[in-house]
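Okay, here's the structure, questions in a sec.
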Amino acid sequence: MRVDGREAHELRSVHIETDYLKHPEGSVLIQVGDTKVICTASVEDRVPPFMRGSGKGWIAAEYSMLPRATGQRNIRESSKGKVSGRTMEIQRLIGRSLRAVVNLEAIGERTVWIDCDVIQADGGTRTASITGAFVALSFALNKLYEEKKLSSFPVIDFLAAASVGIVKEHGTVLDLNYIEDSQAEVDMNVVMTGKNEFVELQGTGEEATFSINDLHGLLELAQTGITSLFAIQATALGEIAGKIGK
Amino acid sequence: MRVDGREAHELRSVHIETDYLKHPEGSVLIQVGDTKVICTASVEDRVPPFMRGSGKGWIAAEYSMLPRATGQRNIRESSKGKVSGRTMEIQRLIGRSLRAVVNLEAIGERTVWIDCDVIQADGGTRTASITGAFVALSFALNKLYEEKKLSSFPVIDFLAAASVGIVKEHGTVLDLNYIEDSQAEVDMNVVMTGKNEFVELQGTGEEATFSINDLHGLLELAQTGITSLFAIQATALGEIAGKIGK
Amino acid sequence: MRVDGREAHELRSVHIETDYLKHPEGSVLIQVGDTKVICTASVEDRVPPFMRGSGKGWIAAEYSMLPRATGQRNIRESSKGKVSGRTMEIQRLIGRSLRAVVNLEAIGERTVWIDCDVIQADGGTRTASITGAFVALSFALNKLYEEKKLSSFPVIDFLAAASVGIVKEHGTVLDLNYIEDSQAEVDMNVVMTGKNEFVELQGTGEEATFSINDLHGLLELAQTGITSLFAIQATALGEIAGKIGK
Amino acid sequence: MRVDGREAHELRSVHIETDYLKHPEGSVLIQVGDTKVICTASVEDRVPPFMRGSGKGWIAAEYSMLPRATGQRNIRESSKGKVSGRTMEIQRLIGRSLRAVVNLEAIGERTVWIDCDVIQADGGTRTASITGAFVALSFALNKLYEEKKLSSFPVIDFLAAASVGIVKEHGTVLDLNYIEDSQAEVDMNVVMTGKNEFVELQGTGEEATFSINDLHGLLELAQTGITSLFAIQATALGEIAGKIGK
Amino acid sequence: MRVDGREAHELRSVHIETDYLKHPEGSVLIQVGDTKVICTASVEDRVPPFMRGSGKGWIAAEYSMLPRATGQRNIRESSKGKVSGRTMEIQRLIGRSLRAVVNLEAIGERTVWIDCDVIQADGGTRTASITGAFVALSFALNKLYEEKKLSSFPVIDFLAAASVGIVKEHGTVLDLNYIEDSQAEVDMNVVMTGKNEFVELQGTGEEATFSINDLHGLLELAQTGITSLFAIQATALGEIAGKIGK
Amino acid sequence: MRVDGREAHELRSVHIETDYLKHPEGSVLIQVGDTKVICTASVEDRVPPFMRGSGKGWIAAEYSMLPRATGQRNIRESSKGKVSGRTMEIQRLIGRSLRAVVNLEAIGERTVWIDCDVIQADGGTRTASITGAFVALSFALNKLYEEKKLSSFPVIDFLAAASVGIVKEHGTVLDLNYIEDSQAEVDMNVVMTGKNEFVELQGTGEEATFSINDLHGLLELAQTGITSLFAIQATALGEIAGKIGK
């Protein structure tokens, strides 16, 4: 039994509250156990310089944690005057992941800004961010679509993410909380589409290694978890779910 | 009648949700109309360099807005690499205000970090921050006190803040929302204690001026509003309210 | 008697030397006791991005202290690579104050840059900066007016600032020097126009509070002092004084 | 046939020149086709603050490219005043990878700084950096060991990295050059140990996805390539190779 | 005849006002024609990290211009968040120059901070800064000496600086003003001691060159000018002048 | 005899490897004893803002050292987030020097970026950079000329640089290595053209001075050394050498 009583293949309870904020075109509060992330999607009617004239849109993501989202207070990155490597890595991951399931031509020269702000952290903040951001993004793009600004609904598949890892004494587990994450020998983040394809796979053995067999076990667990997340996303999206991939 | 149907002397509805986050020593979500701010208080067992050896504690405040707390998305200050003048002004104001009602000697050489993160903005974010932060701070200091780390309860009086202003066609009004704030000729933020004393008074006529009579009208409204806020704070604080000033 | 022998309602001696530098369109050296500030006004034929196309002008202010303007040498903000919160607060205050007495439409799409550089500090540098900057600004705008670049003289009223405060054992005093300022329980900066209207009012009780009666006493003193400053400004401005508000 | 005439499973020619610079404790120039990276290992007799008192050592990596390592000149990160997200991601990857095959306790409280400076880029700079850095690091640690500063040789296994990817019309290929990399639908970097275990696995579908079968094909190719790299490293290391894992 | 009516070998009029500011240990306002620089010397009772434990003191210099010291307003380096290459070059030059004529052992582990703030610029600001800073420094060190904190007077020789250059149609000239400087083909700054020895020699042909004969002519003029500056410094220093080199 | 066995007037052995990198328009590896610098010249089809519309080109230089180019590892300037004063001084020197021997009108509105990256340092890195950069620049400009983008060959004379100095016990010496440089009382960098004219002369007595006679001795040695460097450059340039100054 794991520290919080779960089985190895069990997700923590997941809730997605939609329309969480009044200003953004799409916004959710996603809770995965004690991890809570506000994900918003904001539409801007222009693209970054390197995309201008391409006729295509762009999805850019930013990620941050409130200073006291964690057990110890962290100094704000705005006070330090620079964004950490960890933050950059995460926001690049979120952006790349979402772009894989959106038809960027269909958006036109617009940027959708994804903001993932962790208000409480208990492990798995980057995967919760991706899972929640997909919902916020779908709401924002549906808004554009309903306003007839897009000729087709541009989301081409579901997208969700889960963490898996190898934890001493517990073996391969799904959806690590903070304590498990800090004890894990191997830590892997998996981002998949509704067609069971991979978008991102990032496995790390910090001062440890893993075999091809370990990898198979980890990926199997990840797929199980992500399949459950798709159902939760579909419920949160309501009728928008039916437009995905059409 | 004002844009949202209030009378000139009416506050928007105010809710303070306590114990909002699991990690901080004190945390609230304060809502003032559509303005929502997460206020946390984090205790650190040391003081900034300029206070070392003084035997006294310190209260430091930081303030930030989520990028899409507002109608238009703002670039993160962490991405810009520097904190704006507006942000600095607000966090200095919050810190100074709270220090006025806390016995810093009684805290010992500890810092309480106050973090006010605006997740949705509709005017009055700095006054909501002060009002909410007072509650979060009181919870955090009560925790220290209950753990017998302090020999006396260090909060010496209530503290709350309200905005008042002069708005074309509406005259002097209490608790401006965003639309009123952007139309106001005079904008004043007032911070007061439970004994009806001022801690901070910041009145500004952006491209306008105001008379001593205007000032009287504004201060009277502010006091009315702040008195109501004290009652809401007391309810949120529960039995801690009874320890203040004792 | 105060530390420098003044009565509570007495200003320190104030001198304004005009045409202090050869390059700026307007420049003064203002001395208030031992506080010395060089104030310059520089005209630029364009406005910041957020004002473009508005047909209106802008007044922007910057404030700085020489490293050894004070008793202890301060590290330069250029060496630290960032501007302090105090500096930002002051330059925002100077800019807002001056904009309140200038007809920005009459300037056209020009920016007047106000630079206040404190070469010696003994308390009251922000109020001296405002009082001096008003004179430098008036000279610069008069130059534009005399060159027929403006169709009307755009300064609509006098503007000056004074500090007042409550100092232990001395009570309410006008124009605090550095020693008084560091002992003050309440510190207030008041900016007023020639019509005795307020433009800015910033009162602070650092670890202290003040009553409405205290406030009345402070404002009365401030008005006395500011009235004297208007006379000194008028002398410095010579015939330009007669154009103000016409 | 690939753009440079290679088969899908062929590495480019790899050369490792040891003792490339006179100052560092270990240094190599690694060439993988037209990609050339100077890798140095510098020993410092202290650890970062978070490791002090742990009795363990640390390996930190930095990565950079000369401005004209690429077809278009890039602005230096020192001129921009900040390090890009891509650079941070790579230097974190290099550091984590190397730490997985070194006994950090055996190093004692020392930091080995790894610097990977790309002087010419043609794809695969991060994997070449890891492969070359492993050799430089082994030289530096051997120097400490030969000087009797370490009681055991701390490198516990070989470590090398290769890129694999799926390129339109060519399918799954090993060791992508710049042209292939820019056309790839899936790009994966694999870091493995001499025991055929994974240390890092980073697979990305930029605006594309990949299946579990694709993954198997990619990993098989990666292992082939990495096995060849171990032989080249062993030759470069000479008698030091025999100490690894002993 | 030159643009301002001087002969080729003539300095502009030079004035050094001593005790210009009340806080610094030494301070002057030096005027060289229309160039005006405030030079201060501040004593700090410690040295930079690289000097600790050496038993020797240090002299560090900083240089800045008010934004409107020049015909066009310059953006403040504090606003830009970084110091320009030109500023760094000048402050390094001032510091090195002054250190050449001070017995650093005799100062003990103290730093003298030299601040040169140009309030009005008309060419030759770096040479005026050195010439003025020498006087401010001598006052500050004399103060320490008179307070018996130093056992010997540590200034071992006079030091002054002049600019020389080759200007089209005027040939070799001494002490270039701004117009001459902007037209000069060759620009040279010379720093010399009272014994007619060089401390610094920086000659530059911006898009031009100069011969050994040109160099002789330039150095002869420089020496003439610097000899005059020593006399002006001696007058400003009064009886301190007699202690130099004793 | 000097520390490395040279006579006072002897250069270290100098090698210039041309076409060192595949991407830049011109690139060399210059070795002066143990000092090794990669110099590249990159052509960009536009000029900096201050040159636009002038019809002239520009040459801009950047200089950097690998962290472990030196005996002790230096922190990267990109990690520190700012460029040191020493670096700025050197890159300004390189740029000015090269511009003196190029007909900027003949280049048209193009910038040639010179990058000098020191991979191993043993004294004289700035003079080696200039000497090597001249060759890289000539290759890049010849490429433009051969492609008929320029109507005349724009290099008007040879350019090389040498260091000279006065070292205790050795007197005046040419081409100081690191040990000599750190012991030198006087350090001078001389940049000359093929017509034996000076472009830059920077002599410094760090805590020391030098006489006019010392200067003559130093300049004579410098000229000897630079004359030898011209021959080495000519060999490296091959037939391009014949176009210079034509």
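Quick notes
For clarity, chains are labelled A, B, C, D, E and F in written order, and residue numbers in each chain start from 1.
Assume contacts are C-beta pairs under 8 Å (C-beta built on N, C-alpha and C of every residue); 3 or more make two chains touch, one makes a residue touch a chain.
Keep in mind it's a predicted model, so treat the numbers as computed, not measured.
Note on connectivity: the fewest chain-to-chain touch steps from chain B to chain F number 3. If you match contact pairs by residue number, over half of those in D-F turn up again in just one of A-B, B-C or A-D, and that pair is A-B. The greatest centre-to-centre gap from chain B, using C-alpha centroids, is found for F.
Taking shared numbers over all numbers used, the chain A to chain D interface scores over half, which places it in the same class. Rounded to whole angstrom, the centroid-to-centroid distance between chain B and chain E, based on C-alpha atoms, equals 51 Å. A separation of 28 Å divides the Cα centre of chain E from that of chain F. Shown for chain F are the residues in touch with two or more other chains, namely 81-83. The ring of chains, read from chain D with the first step to chain F, runs D, F, E, C, B, A. The touching residues of chain B, when paired with chain C in their complex, are 82-86, 88-89, 91-92, 96, 99-100, 104, 188, 193, 195-212, 214-215, 219. Across the interface of their complex, chain A is touched by residues 21-24, 27, 34, 38, 40, 42, 44, 62, 64, 66-71, 73, 76-83, 87, 113, 115, 117, 119-120 of chain B.
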